[in-house]
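Input: one structure, supplied below.
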Amino acid sequence: MAESRNKARSRNIDNTGFGQNSSVEGGRLVNRDGTTNVKKRGLPFWQRVSFYHTLLRMKRSHFFLVIVLFYTAVNIIFAAIYFAIGVDHLSGISSSASLFDEVSAAFFFSSQTLTTVGYGHVAPHGFLTNLVASTESLLGILAFAVVTGLIYGRFSRPRAFLAFSDVMLIAPYKEGRALMLRLATYKNNHLTDAEAQLTLALHVTENGKVVTRFFPLPLEISKINSLALSWTLVHYITEDSPIYSYTAGELHHAKVEVIVYIKAFDDHFSNTVQQRTSYTHNQLVYGAKFLPMFERAADGDYTLLELDKIGAHELVELKEPVLT
Amino acid sequence: MAESRNKARSRNIDNTGFGQNSSVEGGRLVNRDGTTNVKKRGLPFWQRVSFYHTLLRMKRSHFFLVIVLFYTAVNIIFAAIYFAIGVDHLSGISSSASLFDEVSAAFFFSSQTLTTVGYGHVAPHGFLTNLVASTESLLGILAFAVVTGLIYGRFSRPRAFLAFSDVMLIAPYKEGRALMLRLATYKNNHLTDAEAQLTLALHVTENGKVVTRFFPLPLEISKINSLALSWTLVHYITEDSPIYSYTAGELHHAKVEVIVYIKAFDDHFSNTVQQRTSYTHNQLVYGAKFLPMFERAADGDYTLLELDKIGAHELVELKEPVLT
Amino acid sequence: MAESRNKARSRNIDNTGFGQNSSVEGGRLVNRDGTTNVKKRGLPFWQRVSFYHTLLRMKRSHFFLVIVLFYTAVNIIFAAIYFAIGVDHLSGISSSASLFDEVSAAFFFSSQTLTTVGYGHVAPHGFLTNLVASTESLLGILAFAVVTGLIYGRFSRPRAFLAFSDVMLIAPYKEGRALMLRLATYKNNHLTDAEAQLTLALHVTENGKVVTRFFPLPLEISKINSLALSWTLVHYITEDSPIYSYTAGELHHAKVEVIVYIKAFDDHFSNTVQQRTSYTHNQLVYGAKFLPMFERAADGDYTLLELDKIGAHELVELKEPVLT
Amino acid sequence: MAESRNKARSRNIDNTGFGQNSSVEGGRLVNRDGTTNVKKRGLPFWQRVSFYHTLLRMKRSHFFLVIVLFYTAVNIIFAAIYFAIGVDHLSGISSSASLFDEVSAAFFFSSQTLTTVGYGHVAPHGFLTNLVASTESLLGILAFAVVTGLIYGRFSRPRAFLAFSDVMLIAPYKEGRALMLRLATYKNNHLTDAEAQLTLALHVTENGKVVTRFFPLPLEISKINSLALSWTLVHYITEDSPIYSYTAGELHHAKVEVIVYIKAFDDHFSNTVQQRTSYTHNQLVYGAKFLPMFERAADGDYTLLELDKIGAHELVELKEPVLT
């Protein structure tokens, strides 16, 4: 398909970091959450994974589950050790206690040591039990240091907090058409000096083989001073555009993927933040335009940005390009 | 008003991130504290707000109030749980205690557990009470980790600590007039490579409709090596300036707003810091000049910067521009 | 050797930060781990070394060993102090205890104080013992603060996590030859805007003296948008290349060293990361090409990157350059 | 003096951030430690000072003194409160205790609460004492959070760790003279992409008034890839140099001050670091050259950098410029 459109194809770029040859590549390139669709192997798991990064990126509920499980596991291990040494070395445990009472006493003594709460109504006696308790309290302090670091790392991680429209549109623009998508910050953060970069991946047939070609998509405005309201990224489909000659059907057939990369400076973090996402051909609406998503507040004193309308669009007629 | 001043208007910019159409926009664009005058809705509160950012930016007194309230609330909740299980499972509480004594004993046992101080004169007995206490001490450690992170985040947040003059002036400058405003660092921090950027918002009538137009205001010096003393930002109002033909009255009528954006590198944080503010037409003094705010110290060994004079100005005669 | 190759030599650079004169310089310039092969003296050890940096960069096992040793040492010192004051000031120690029991009681009381676990079954009595215990608990809190900072500093330290091929190749490329080496991220991190810079060090004879000359090695692609897969750095050896006229033997004889410098932006840290390494002539394979290291996954949904193949290469015939 | 040297003077710059008019300015501009010689007033002390920055920059010994004093002061305050409520509400204090014993018991109970060590052999009784203890333990946790943040902030603060030669030289260079000064990193850190910028301040007489003029001093090499060894900054005094026509005596008379600004990227911190310093005319040696400060190690395997020789120089004859 499209074998003759050499003009556009000749301007493709090969510094995307993705391979050119789709025959060695699978599926979409970039996932919707901005991660790349690549898996790694050939190194042991623990070398291939940064636990810090994994713990930083996991869902909050999972993160706290990991902590609770770790806390329970460490207490069980130390309870077993105290039990093995003998609970008679833990003062304050009644000598007539049942097995369950002894086990739970060892467990709770462990938790009191690990958290350094150390009530003392149960206390270690004998060299060995004292040594284990001393080790456990050090471990508790170190574990706490790790948790403090992780929690701080989690909430201080610079993020752009950008919401994207769930679809990209081919909309009427000036005398012709434009590819449009919309974004906005959805938290009470403020981005300045925001830059956007769109890269198009086309799967085209060359010499009978399907290969992936990458093209930068120039934007009408690719840099704004302040991302206070919403921002509609507009790629005007001129004759120089790689998709100028593509019909709606051809775009789907070429499995277009648009990789979006936003970089900005965040006020709160005083740091550069970035966010990526990707739109596949399934998210393309041909012939539609976005509806407004901000308006003057009723009392006229401020502007109201309606985040639930970020993907709101209506279908419109689109003038097909005249191919020459 | 000013329908014929097409020259200036034609150079307006549309990458400010604010809408061009004042009919969908309300009030001033940027607040004096640098935040944008925009509210968001359409997402649940907890998705729309970054609690970390909110806790980082709130006033110090409010922040500590939040901590004290949280501490009290958690203790009340856990005291209720201990009370529900039965205070007889807390050793060290006299069996003849009054209800108030029992409740307060549960409350203070909770606080001793949460802070991990754990004196132990009151101690948990029985599986359930022990389990709750064990959970509370873990929660205490996690809460403490969060607080440590927040406190560190609060005072390590890179900030420019810039004071701005409370007014902007139209002052005599060279052969004509200039828009001036003044700033200085008011803390013992030091900024290098400071850059300033002024954007003017004019509300003008076009085709009978009031629209907002944005213009960059070029500065005589827009970048300095070191922000050691005060810095007066000077926009020389030449014939190319968007406000060249405006009289004092017209400036007010057009509801001019000057958005100030400062970016610099801070020594202490070794980080880029930035600060924004905005001046509305109410803060404009037409025909005035700033008074000096630094002088040689009495003993001649250093320079003295007087921060309370940052907005000090005196009225002066201003030559009106000759409109052609 | 190579006295006549003035053309290439005339373009050498002297802003590498290394001395030009190999007679005052020893061994390789940059070690494989990216550190420079320089030792410093002339200042006391404690002024010359940043303990924070040392503790940040040491192996994890060594780091935890340092903590355990520090913990033990502090406890021994304080145990000695408590013992010197008299263990009779520690309540809860049986008066009939043996010397060993007394010493270990002092030791474990110290550890309970340092970690602030404070069971209280052993407690300080008398002004002096109380004062020491009060000091030790403050020290414990400060030490813990340091450890928390170190642990956070260790795992939040921005790193590129790049694996490099263990060899560099002179491979066939276009009509001639190219110097190639390969790299990839081996963790679940993602780098964007990656830049590479190669500097060649040649030890050449000039006026009968061996001197070190530095040359930048231009790359076919020196910047990529996303380091999602592997990246092969390719220096095409054209007539302008400093090593155009060198045979395999001459390259070894000139003790070529290629210093690699990678700079990128990391998603997780939202920070610039960099990594350096160096290849000496012993790591040069003349006449070989890299084997592919990524492929479409069996189920076709993603791309599989095989990290153990990063240095995989096969020997190939190489056309010698025609020297004119 | 030097009234006729208009050529050089005409190229002076006014974006240094320092005032042009020396009559309103006192003493040197930048101190040797890189801080500016400016004091601020006109705002209350607590608004004018960033306590975080002050605590971050003070000497280590002072910092720990502040902590010990704060710890003692808080304990004295709380001891006074416990004493005022009545030490009989602290169980474990013998009823026959002397006043000194009671006071010290209150003090040490306070310290056990503040550090959360909470042995429990002294424990709070009664609502009021419990409430105070509960408050103190919360305060202890918050204070600890602050200390953790400060300690982390102190040792993670990106710093360049640059040593400068104690003098700047006018040395023979090429056919003429050059202003030289030398710097090196003195810790085990590594700087890349180092940039240097020299600014000269001359106090010259204009129209009978002494004014300060600033000039950039171009460097032979102003940017190096790696600051592995020492770096000698060289300003070649050509005819274009502002000090070309100055003799040794005139340089002293004009009270030359050279402000040095170094910016680099640090490997460990993965952050931009910078350092400033300043040389006054008292630190100028006219007619001298630096002695080498690095050499090949005895065993030839590495380069040895001798930090104590950073300012080492010997006097040499200098050809005076021919003034035309």
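Just so it is clear, A, B, C and D label the chains in written order, and each chain counts residues from 1 on its own.
To be clear about the criterion, a contact is a pair of C-beta atoms (placed from the backbone, for glycine too) under 8 Å apart; a residue touches a chain by one contact, two chains touch by 3 or more.
None of these values were measured; they are calculated from a predicted model.
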### Message
Same residues or different residues where chain A meets chain B? The copies count as same if more than half of the interface numbers are shared.
### Response
different
### Query
If you tally the C-beta contacts for B-C and for C-D, which one comes out higher?
C-D
### Query
Using CA atom averages as chain centres, what separation in Å is found between chain B and chain C?
39
### Message
On a C-alpha centroid basis, what's the spacing between chain C and chain D, in Å?
### Response
28
### Task
Return the residues of chain B touching two or more other chains; collapse runs of consecutive numbers into ranges.
112, 116-120, 144, 148, 152, 271
#### Entry: In the complex with chain B, residue positions of chain C that touch it
116, 118-120, 148
### Task
Could you pull out which chain D residues touch chain B in their complex?
14-19, 23-27, 29, 34-43, 47-50, 52-54, 56-57, 91, 112-113, 116-120, 123-124, 127, 130-131, 133-134, 137-138, 140-142, 144-146, 148-149, 152-153, 157-159, 197, 199, 261, 269, 271-274, 276
### chain B-facing residues of chain A, complex
64, 67-68, 71, 75, 104, 108, 111-112, 115-122, 144, 147-148, 151-152, 155-156, 161, 186-190, 192, 194, 221, 223-229, 231, 265, 267-268, 270-271, 292, 294-297, 299-309
